[in-house]
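Below you'll find the structures, each written out as C-alpha cells.
Shared between the two complexes below is subunit A, which has subunit B as its partner in the first and subunit C in the second.
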Partner chain A sequence: MGWNRKILRINLTDATIKTEPLNMDWAQKYLGQRGLATKYLVEEIDPTVDPLSPANKMIFATGPLTGTAASTGGRYSVITKGALTNAIACSNSGGYFGAELKFAGWDMIIFEGKAAKPVYLTVIDDKVELHDASQIWGRSVWDTDEWIKKRHQDPMMHISAIGVAGENQVLYSCIVNDLHRAAGRSGVGAVMGSKNLKAVAVRGTKGVKVKDGMRFLRAARDAKKVLQENAVTGAGLPTYGTQVLMNVINEAGAMPTRNHREVQFEGAHDISAEAMATPRKSDGQKNLQTNQACFGCTIACGRISKIDEKHFSIQNKPQYWHASGGLEYEAAWALGSNTGVNDLEALTMVNFVCNEQGLDPISFGATVSAAMELYDLGLLTQEMTGGIDLKFGSAEALVKCAELTGKAEGFGKELGLGSLRLCKKYGRPELSMSVKGQEFPAYDSRGIQGMGLTYATSNRGACHLRSYTVSSEILGIPEKTDPLATDGKAALVKAFQDATAAVDSSGLCVFTTFAWTLNDIAPQVDAACEGEWSPERMLEMGERIWNMERVFNNKAGFTAKDDQLPPRLTTEPAQTGPAKGLVNGLDKMLPEYYALRGWTSEGVPTNETLSRLAL
Partner chain B sequence: MLRALVIDPGKCTGCKQCEMACSFVKEGEFNVSKSRIRVFDFHTEARFVPYTCTQCAEAWCQQACPVNAITTNADGVKVVHENLCVGCKVCTIACPFGTVNYNASTGKVIKCDLCLGSPACAEACPTGAITFKDTEQAGFDKMKVWATQAAHATSTQGPNTPAAKG
Partner chain C sequence: MTTSTAAIPVTLKLYASLGVFLPSGSVRNEAKVSVPNGTSVEALLDQYGVPREACHLVLLNGIFQPPASRGGVILKSGDAVAVWPPVAGG
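So, the complex of A and B:
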C-alpha cells in the first residue's frame, strides 16, 4: 500500500528489461524516493566510479505518497552519481511524470549500462519497451515531447527527457519532464546522456491504493487545511511563486550579485515577482500569465509566463512566442542578479532555453557570472569568447551564452564545464562560487549565516534544498533565528537536513515545510503505508539517509576539506545591507556540526553513529 | 432545486485533486484514468480546463441507450445502472461532449453522477474552480464580476460612460 512493490530494471547495454519486487525491508528503513533509491544505488555501484561511464547507474524513483491525494504528492527523483560533483546526486522534480509512473504500476526504474545507439523507453502499464531514438537525438525537450506523443498516438503520456545539453554531457544538464519541470541539479542529465537514453515516456491506468483510505483522506484533508491557512503556502507562493523572495532577500542583504562580489542588487525590483505581475511598458501585457500546480499540489507556486514578442531575444524565434514555464526565484537570481542583468524578458527567454535544451539555470547562470568576472579581470577576452562582449549586466551576452551552451558550440563548450572547471582553466579556481563543484543557489551566506554551513555540508554539493534554514533565519519558520549569528546554526542545519531527507523520501514536495512539520506528514505516511510511521521515526530515518549519503561521498574520496566555502565568503566582508562588515563564520559552525552529527573531526561518521542508525 | 457543477477554468491550477477525489470515491483508489472529471492542460495558452458531464436535461446518452440503463433521478442526474449496462458503448457515441466513457476493467460505461448529491471533486478543489450550485443561478457570480466593473466605471467616470472592460 502506498508502494506498488514493483520496480523495473533496464539494462541499456544488452537492452534487457526485468521486473523485480521492491525490497520491502529496505522500504521500511528508507521509505521511498531519495532514501530508498539511494540505498539501491550505494548497494549496487562502486562509489569511485566515473559518473559518465556505463558502470554508473541512474534511478528514477517515486515515493509511497506519489500518485495519492496528499497535497504535492506527485514528486519523483533521479538518483545517481552526479556528473558535475562526483558526489551522490538526488534531483527532485514535480509535474505529472512521477504520479503517472505510479499509475503505470511501478515504484522506480533502475537504468544500468549504456545503449549502443540512442534509445527511449516507453512504459505503458505493464508494457515496457525500448525504441530507437535516432529521429529525436539532437532535438529539444519540447520537440521530443511532441514527437513521442504523436508517434505513440497518445497525448496523455507524460515524458521525461534530456535536451541537447544532456546529449552533449554539459556537466550541469538536467532532466526535464512535462516540458518545464526538472530534476535540475548535479548534472543528472549528463548521466542520462552518457547512457544514450533520450527519454522515458509513461502512461498508467492503474490505481494507487493506500493502507487505510478513510484515515488517509482525513489526514490529507487536515494537512491541506494547514497549507491553505499558512501565509507562505496559502497566499505568498500561489500569488507570487518563489519569486516572492526576490525583494525580501535583497533587503536582507543576502542577494548574491555579480558573482557574489556584492550582496544587494540594484535591479532586484525589475526582475521580481511584482514586476512579473505588472503590465510591461513595451506592450501592456504581463509577463506572468497564470500560476500552475504540479500533480496533486494545493499550493500551485509554478509560473507560466509569456515573453513580449518584440523583445530582441525572441525576434524570429516563434518557438518562444507561446506561454511556458516562467521564472522561479532561483532562476531569476542566477540568470539576473548574479550576472547583473535586470531585463526580465531576457531572463524569461533564457529560462525557456534552459527548459528546452535541458540546462540547470542555477549552475548555468552562476557559470556565466564567473565567466563575466574572468572577463572583467581581463583573464578572458572578447577573442576568447568568440566575440561575445561578456560584461556584467549584458542581456545580449547572457542570451548568446544560453544559445551556445546546450549545443556545446564555441564558447558555450567552455561554459558547459561549470564554474569550477572553467575558473581552474583560467587559473582562478577560487572565483567559482561552488562547493563540491556545484554552484551556490540564491542566498549569500554572509547575510544568512546558516546557509554557509548548509552549502558546505550538503551531500550533493552547494544546494538550498538540503536544509533551507532561510525559513528560520529570514521567514521565522518554525521559529525566528538571527540570520547574522552563527550560534545554534549547527543544530538548526542538522535538524533541517534530517527532516528534509525524510520529506524527499515520501513523494511530497519540500515546499510544504513552510507550513508542515513531520507532525503533519507522518500521519499521511502512516495511513498510506504498512508499518507505523511516527514523526520521530521519520526524523531518525532522515538522519540515517543523511549518513548513508555521507558515507558514499567519503568512499568516493570526499573529505573535510571538501566541506569548505570559497574564500570570498569567508574573507571578503559584505559591503552593504544588514550584513555589512560580516563574512561567513563557517569555522565556528563546522566543528560543532561534526560533533552533533557524531562524526570525527575529519567529518567521518563514527562506528557508534553508524550502528546507532542501523547502517 | 436542481444543482450543477459550475466550472471556472480561470481558477484552475491543474492540480488534479478533483480527479483524485473522483477516482477514490468511485473506484476506491487514486486513479486519474478512471476519473469522471478530467482536467485538460492547454500549455501554450496558460489554461487548465476541468471538464465533465453537465447532466443535459434531454440527455442523448439516455436516449441512445438500448437497454434503458441510464435514468434520471429526482435531482436531474443521469445515472448509469451497472446491473443493466451491457457495455455496448452507444451512449459514448451519442454524447456530444465525450463525458460518458467505457471502463474496460468492468465492461460498463462510467460518467459523472454528481456523487448523488455531494460531488467529491467540488469539495476537493482547492481554488474554487469547481463549485456545486443552484442550476438556475449558475451564472450569477460571473454576472456580478461584470456588474462590479460597470459599477466602478459609472462611479468614477460619470453615469453615462459605458462600462470599462478588462
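So, the complex of A and C:
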C-alpha cells in the first residue's frame, strides 16, 4: 500500500501504451519517486547516452506518500539524464499534479523514444491516450493548460507541460505543472521537448490506500502538529516565504552578486520578502497578494504576486497583468543580485516569463549574469547581443533576455546554452559559476563553507536541495554550526545528502525538515507501506540512493575532476562581510568527504561500499 | 575624550515580523540609533522592546550571536545588529 503497484510505459516512437506491475523488490530498497525511478533509469539506459536522443528515457514518479493525508504529500519528480549536465537528473515539484497521478492509479510513467510529431498524453484513471499536440506546439505553458482543459471539457485536470523553451531544447528548460510549480533544474524540459512530448494531463478519482489507515492517520496528525507548532514551518514560511532569506544571506555575506564577483548586494532589501509585503510607491499595492499551498501542505510557503500594470516590463502585455506565481528566494537572487538588478517588478515579470515559457530561473539568471560579465570585459559587444546593452544592473536588458531565451531568438539562442557553454564559446569557461554544467544556487560558498562541498559533490550538478547545510550553518536548524569553518562539514554534507535522498523518495517536501527529522517521517512511511520503515533504514536507503546516482555519473564519464568549484570561489577572497579574506576550503573538505563516503581518492565508491549498501 | 556614558552610533536592523519594533520613520527595516557606551547586544534589543524569545537569529556585523553570549557582547561604534524571528527558506 502507499504504492499503487502499477506503472505506465509509454513508447513515443511507436505510440504504444503498456502497463506493468511496480517492481516491489526495488520498492523495498528505494521506496519511490527519486530513489525508485532512478533505479529504473539506471537499469534501462546506457549512462553515456545523449540526453536529447530517443535512447534517453524520462520518468515521472510519485512517492508512496504522494496523494495521502501526510502534510506536503503532493510531490512528484522527473528523473532522466539531464540535458544541461549530462549527469543523473531528478527534478522535484509540488502543486497538485503528483497527487492526481496517484489518484488515477499510477505510481510512475516511463517515457521512451521520440514521437514522430508533437503529442500530449492524457491519463484519466485507467484511460490513457496519446493525442496530437500540433495545435499547442509553439504555445506557452499557460495556454497549453487552458487549451487541454477546454479540449477535454475538464477543468479539474492537472497538467504538466513544457513551454517553448523545452520545445526549443533550451538546455535549462523545465517542466511546469499547475501553471507555476516546476520540476526546475538540469534541463528536464529539454529532454521532454526532444521527445516531442508537449504535456501530460491527469485526472484521478481513485484515492490512495495505505497499509494501516488508523495508524497512518495518527502518525500524519502527530507530524502535522510538529509542523504547526514549529516557529519556522508554522509561522515563518507561510508568512514570509523563502524570500525572507534575501536579507539574511546578504547580512551574512554570502549573497552572490554580479556573477559572484561580490558577496553582498546593495539592493538586497529592494527585492526581499519585506519589500514584497510593502505597498509600492507607484500604485499603493503590494507585490505579494497571498501565500499558497501545494496539495496536502500545511506550511503554504508559495507566493502569489501581481505586478504594477504600469511597470515598463508589462505595458501592453496583458498576459502578465494577473496574479501568478511570485518570486521565491532562488529566483529573486538569480534574477536580482546576481545580475545587479534591484527592480522587484521586473524580477517578478521575468519570473512569470520563466513559468510561461518553461525556464529554470536559477540557471537563466546565472547565465545572464555570466553574459553580463563577458559584456563588462568586452568579450561580448552590443552588436553581438543584437543591440541589448547588457550591463550589470539593467532591468531592461534582463527583461529583453527573458523574452528572447525561451523562444531561442537572437541573443537568446546563446543564452539558452547555459553559462558553461556560453563562457567556453567566448574563451572564459572559468566565468561560469557552475559544477557539472549546472549553475550555483543562491549561496556564496566563501561565506557558507559547507555549501561549497555541497555544490561540488551534488550528483545533479550544483544544487542547494541535495544538501541544504545553510539550515545548520546560517539558520541553526537542527543545530548551529560556524559557516566560516570547514571542520565537520564533510560529515554534515553527507548526513544532509543521505537524509534528503530519503525524503525525496517518499512523496514529501524537503521543507518539512525545518521541523521534522526522519523520526517524524518514518512512522508515516511505516504506517502507509509494507515493510518495516525505521529512521535508520531510511537513512541507509538514502545513502544507497546517493551511491547509485554516483555510480551512474561515474559510468557517464564523471570523475573527481568534476567535483571542483570554479577558481573564483577557491582563489578570489570575499571582499566584504564576515567572510572577508576567505576563499572556499574545498581542498580541506573533499578528501574527508570521499573517505566518509567509502569512496577512493578518485571519487569512486569502493566494492566494499557498494556491497555494504547492497548495490 | 570618550567617557563611559558617551553615546555611540549603531545600526539596528529588525526583519520580518520584528520590523514593528523599529523606531517610527525607519526605512528598509533599519535605523541608526545611539546607545550608551557599554551597551550589550541584548540590552539594545531590550531597549527597543524586542521580545527575547523572538530573537532567533541575531547577527552582529554578520556574525551569529548565540543567546547565551548576547548579554556579554558589548557594542562598538558603527556596529550593525540584525535580528530575525525563526525563519527559513531554500
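Operating definition for what follows: the second predicted complex is superposed on the first by the 615 of 615 C-alpha atoms of A that agree within 3 Å, B and C clash if a C-alpha of one lies under 4 Å from a C-alpha of the other, contacts with A are read in each partner's own complex, and residues count from 1 in each chain.
Everything below uses one rule, namely that contacts are C-beta pairs under 8 Å (C-beta built on N, C-alpha and C of every residue); 3 or more make two chains touch, one makes a residue touch a chain.
Worth saying up front: this structure is predicted, and the values here are computed from it rather than measured.
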Review point. Can A:304 be said to touch subunit B (first), subunit C (second), both, or neither?
Key: first
Check your understanding: Should A:247 be classified as contacting the first partner (subunit B), the second (subunit C), both, or neither?
Key -> second
Practice item. For A:217, select first, second, both or neither according to whether it touches subunit B, subunit C, the two together, or no partner. Key: first
Exercise for review: Look at A:290 in the shared chain and tell me whether it touches subunit B only, subunit C only, both, or neither; answer first, second, both or neither.
Suggested key: first
Exercise for review: Please indicate which partner A:323 is in contact with in the superposed arrangement: first for subunit B, second for subunit C, both, or neither.
Suggested key: first
Practice item. Kindly classify A:458 by the partners it touches after superposition: subunit B alone (first), subunit C alone (second), both, or neither? Key: neither
Review point. Does subunit B (first) or subunit C (second) touch A:207, or do both, or does neither?
Key: first
Revision key, fill the gap. Dual-contact residues of subunit A (subunit B, subunit C) none
Review point. Subunit C touches which residues of subunit A in the complex?
Key: 230-233, 235-237, 239-245, 247-248, 251-253, 269, 273-274, 328-330, 464-465, 468, 470-471, 474-477, 480, 483, 510-511, 514, 577-578
Exercise for review: Write out the stretch or stretches of subunit B touching subunit A in their complex.
Suggested key: 13-17, 20-21, 23-24, 27-34, 43-48, 124, 126-127
Review point. Within the complex, which stretch of subunit A touches subunit B?
Key: 67-69, 71, 96, 99, 103, 179, 204-210, 213, 217, 224, 228, 238, 289-298, 300, 304, 306, 322-324
**Study point:** subunit C residues within the subunit A interface of the complex
**Key:** 13, 15-17, 19, 28-29, 56-57, 59, 61-64, 66, 80, 82, 84-90
